[in-house]
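Sharing a structure below in structure tokens format, with a few things to ask.
Labels for the chains are A, B, C, D, E and F, by order of writing; each one numbers its residues from 1.
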Amino acid sequence: MPRTLYVINPNSNTSVTAQLDAAVDPLRHAGGPDIRCVTLPSGPPGVETQAHVDEAALAVNAFAARHQADAAGFVVACFSDPGVAQLRERVAVPVLGISESAVLTALTLGHHFGVIAILPGSIPRHLRAWGAMGIAQRCAGEIAIGRGVSALADREATLAAMVDAGRRLRDERGAHVLVMGCAGMATFRTPLAEACGLPVVEPTQAAAAMALGRIQLGW
Amino acid sequence: MPRTLYVINPNSNTSVTAQLDAAVDPLRHAGGPDIRCVTLPSGPPGVETQAHVDEAALAVNAFAARHQADAAGFVVACFSDPGVAQLRERVAVPVLGISESAVLTALTLGHHFGVIAILPGSIPRHLRAWGAMGIAQRCAGEIAIGRGVSALADREATLAAMVDAGRRLRDERGAHVLVMGCAGMATFRTPLAEACGLPVVEPTQAAAAMALGRIQLGW
Amino acid sequence: MPRTLYVINPNSNTSVTAQLDAAVDPLRHAGGPDIRCVTLPSGPPGVETQAHVDEAALAVNAFAARHQADAAGFVVACFSDPGVAQLRERVAVPVLGISESAVLTALTLGHHFGVIAILPGSIPRHLRAWGAMGIAQRCAGEIAIGRGVSALADREATLAAMVDAGRRLRDERGAHVLVMGCAGMATFRTPLAEACGLPVVEPTQAAAAMALGRIQLGW
Amino acid sequence: MPRTLYVINPNSNTSVTAQLDAAVDPLRHAGGPDIRCVTLPSGPPGVETQAHVDEAALAVNAFAARHQADAAGFVVACFSDPGVAQLRERVAVPVLGISESAVLTALTLGHHFGVIAILPGSIPRHLRAWGAMGIAQRCAGEIAIGRGVSALADREATLAAMVDAGRRLRDERGAHVLVMGCAGMATFRTPLAEACGLPVVEPTQAAAAMALGRIQLGW
Amino acid sequence: MPRTLYVINPNSNTSVTAQLDAAVDPLRHAGGPDIRCVTLPSGPPGVETQAHVDEAALAVNAFAARHQADAAGFVVACFSDPGVAQLRERVAVPVLGISESAVLTALTLGHHFGVIAILPGSIPRHLRAWGAMGIAQRCAGEIAIGRGVSALADREATLAAMVDAGRRLRDERGAHVLVMGCAGMATFRTPLAEACGLPVVEPTQAAAAMALGRIQLGW
Amino acid sequence: MPRTLYVINPNSNTSVTAQLDAAVDPLRHAGGPDIRCVTLPSGPPGVETQAHVDEAALAVNAFAARHQADAAGFVVACFSDPGVAQLRERVAVPVLGISESAVLTALTLGHHFGVIAILPGSIPRHLRAWGAMGIAQRCAGEIAIGRGVSALADREATLAAMVDAGRRLRDERGAHVLVMGCAGMATFRTPLAEACGLPVVEPTQAAAAMALGRIQLGW
């Protein structure tokens, strides 16, 4: 019987994977599936361009094909949900992208959600996703902090930028809930929520929770 | 520390509550919250009219107020989500309605969802809910089986009517996933899915799973 | 033959009812229905929370049940339209909520409407209503003046806050017409319109006019 | 002081005008504005094409310019609302089109409205109008009876065709309320409603009622 | 065999027509249709009001009727697309409005488009058009430069105003591509794009290109 | 100076490429760009699954990278638009997908468009695309003919199935224009249009025409 929920980090950054692992830890329990967070070493340091996304789609599916026998479900832990559509055609077990799961969770926490993106170039890609999901009407807006992979390493400055973006989404766009538009930053969830006075959805947690529910209920 | 996820059946039908209890059983695990399914004895035999819904909103909140100290979360197990908006203003713990949770779950299982309602008079109420959620574009349609509380007791005929509605939603409206627009019918989930060849979302299961995830992750 | 259009103020504030009465006076004419503005003494001083709204839904319907024989129609004069859906299932005469009527009227007066709310906590409730009505695309935005029942008593400051909100809706959100998101403030309609240079819809007037038309035409 | 609400029939068919006159009669009352239904003799026998609509836009405005001093308001009694946008820029008094007024009224009578059109070629024009109004999500569908001006003279066959269209809108498209997509057929309103078991909105009545309310309230 | 693509300037300003002519010149090629830009001398100096638009609808169709034998297609070079719907019913050859063509082209150049209008009074008319087209969700916003026909003659100040509007659409509304909401300003396309760092769609070019494609492909 | 518009067939079927070549031939003219239709020999016989689409995204971009110096523009001739988003980030020349171009062209030919798909499994993918484009409201529906690559070789039966689907889209869903949801079937365009009495958009032609216009106009 398949026992493992794979949380796939499609970039090669193992510190991101470590943070995913910590983020999903509250969901682990005796008798439940193993939750294994894995790194795709062939991936880029960060998924930043559509080329990265398209390549990640294949890498994610290649990984899944190799681990299919053992898999109770898959979470794709990149905010562009690379390979999710393909994987859903390929396997019968639950497949969740962190972007869609974060947004669906946000819809239960506030009326208009705002998204904090990392790079401005990702925003049109996300907007296409909200359109494809048919929920664009609920999006208050999206603001990028404009920091690349290396700048993200300065975590204090990154958090400050996220707080600034979150407050602007709240004050200028009317967001009632924030979505972190990136993986591997779960430690910022609480300080960001406190600084903005709004609930904050961490997307990998959202996806892993939805996947667990689906696995336990068998759909 | 609050330990209980309350699944509130706002009608007085204890056999419905028993079915809710069986439906959410796969979500119980050692170390997790108690999941308690409760009946509101003051409720009607079935929530069929807007008057029932409006009264249930108060009854649900009165129950929640009495059990707040102990509550880790609440699921309102009626497909009109009575009292959910109020309860969210009242308590800090997760509150999920089965209607919204079922639809959000369905959005990860297929593009267009179809809803099998019990009574035709509920359909406009549901359509308002999809509109309020901003996801109406994803609804392929809704078909009622037209059976009141007593007719539902004939479970074979009820299942046959649901299968017929599900097939029509699939063939005439293009549904890729079905949502059962009622509580307490989880035993029909598998035969309905098999007869229609589509995934079927049972709403109380969907809501309880989302609530559990929210509780475990603390948002 | 039923002769009375009831305009129900679901809060207990009789000065609000007096203002409703003045607001609808231009609609009274010989041979037309009596227009009676009534206070529900069991209501809160102001409808501010979802709990107030849900309780008002029952109180409105209880009042209507007692006056049904005599009623030519009902207007529910609270901007959350409490009890309107239930009342429509219960009676055959016209039932209009002031929120929906105000918005429908605004749609004939400008392309994008802006709403001036009283409290920020009401905005998500209103946004759900625009979504349920399927007209969210026409809403330029909503701004709350953030004044509770007692602060509203300072009418000069209240008007100044409404003018400020109206100008922001015009300049920052592109509103072409304003909707007053509250009952009992009809005396502000003209000064607000003049200060903002935009048409302003007073919701109780909008609803009473629609109700009268429906009564006269028999639908 | 302007005293007249003009209901402008932009076609040259005086029997249509006579029917408009009867339709709005229940709205006349002592002390209220005169309601005058007028024929534009230069118009076509029926407004059937976009060329007719575009010509009617000018004729309606030319008429209004000549009667502006005397006008308390204008209703344009053609279901393509010709000239309404122009007239709104030209005069300060209320201007209502029967198409938009009918739809806005229908939104208070049922969730999804269905439209019974006369000619199939008008349907795309109407669909553009629902889109421009931002309410397309509420339209269940539109069915044309396919009868030209002369065929409409056979009123029994016309009613039968409308009943058939109405029942199809109810059964196949899920309409909860019907809109008559034409002027001058108010006598069919009651038999159509009875045959279909749904409320039916007669558009000229809807527009005249909205205009009266706007006149009485001064916006 | 019809050989001419008519680009109709419905205002009487021949210098606008000269600019249209230069704008579409890159589309001319040996063996392709003649592209003739024509002025309607009966038109106003600029199409500014709905009255102008409605009159232009007739003038455009009258012109087209006179040149139908010779026409391979028509472009209506006014950003309110006057007469396009009528002309499509009247002729079998391609008919393109510059407003719709500009927007459809913009949809391939960026996710959210912003429109630079000339006069604020035109914005609601444009918003109705985006609604009728069903693409309003892609519109980031519209800002008018507020310059009448004579003020437009100061081309330096006009360009500066357009750059200012373009930057605001980019920074405050999130536009990824700009649409020039007017005809006859193609010479501003490049400087505007460079100053704003965004692609800019010139609407007459967009429409003429779409018309040419349609003509060559025979649909 | 780049001189070539590449029309990329991402499947390995050279007879499809030959048909693309014939389809775009009317767009070739002296002085215009070379239009070269190319086959990606590494592709599958037909793009049928999301895995095919995701792999095609990379193959298309690899091809484009090799031919970038020479390219005036790119058309991706597969109805799932594989690699279009990535290619737009990678090159400065026009990039058009046949699916989006077909739909944008259809929007100028009729109000509601219907799509004839090849396989039912592609429909959700297309629906996501219409959502991402923000034009889902204009889609009347989509019907698959359910024929795989080999069955498509029986062209008579394929055309008959497409005619049947087109008539159903017209009669049951209200389509005013049809879009062929596949590449390489341009020879069916005219018989399909004649049999259905509706305009039919052939997607590769639509995209090549839009690309040509963009190239000639330099945006």
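Throughout what follows, contacts are C-beta pairs under 8 Å (C-beta built on N, C-alpha and C of every residue); 3 or more make two chains touch, one makes a residue touch a chain.
Chain-to-protein mapping (UniProt): A, B, C, D, E, F = Hydantoin racemase.
Keep in mind that this is a model prediction, so the values were computed, not measured.
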Top of the farthest list for subunit D (Hydantoin racemase), CA-centroid basis, is A
Higher number of C-beta pairs in contact (A-C or A-F) found for A-F
Relative to subunit E (Hydantoin racemase), largest Cα-centroid distance belongs to chain B
Interface of copies subunit E (Hydantoin racemase) and subunit F (Hydantoin racemase): same or different residues on the two sides (over or under half shared)? same
Between the Cα centroids of subunit A (Hydantoin racemase) and subunit B (Hydantoin racemase) the separation in whole angstrom comes to 27
For the pair subunit B (Hydantoin racemase) and subunit F (Hydantoin racemase), the C-alpha centroid-to-centroid distance in angstrom is 42
In whole angstrom, the CA-centroid distance of subunit A (Hydantoin racemase) from subunit D (Hydantoin racemase) equals 51
Each of the following residues of subunit E (Hydantoin racemase) touches two or more other chains, namely 128, 131, 133-134, 136-137
Contact graph of the chains (line, ring, star, complete, other): other
Touching pairs here come out as A-B, A-C, A-E, A-F, B-C, B-D, B-F, C-D, C-E, D-E, D-F, E-F
Per the touch rule above, subunit E (Hydantoin racemase) residues touching subunit F (Hydantoin racemase) in the complex are 26-27, 29-32, 96, 100-101, 104-105, 107-109, 133-135, 137-138, 189, 199-202, 205-206, 209-210, 212-214, 216-219
Listed in rising order, subunit F (Hydantoin racemase) residues that touch subunit D (Hydantoin racemase) in their complex are 110-112, 137, 174, 176
Subunit C (Hydantoin racemase) residues touching subunit A (Hydantoin racemase) in their complex are 123-124, 127-128, 131, 136-137, 141-142
As the complex stands, subunit E (Hydantoin racemase) meets subunit D (Hydantoin racemase) at residues 49-51, 53-55, 57-58, 61, 83, 85-86, 88-90, 121, 125, 128-129, 131-134, 136
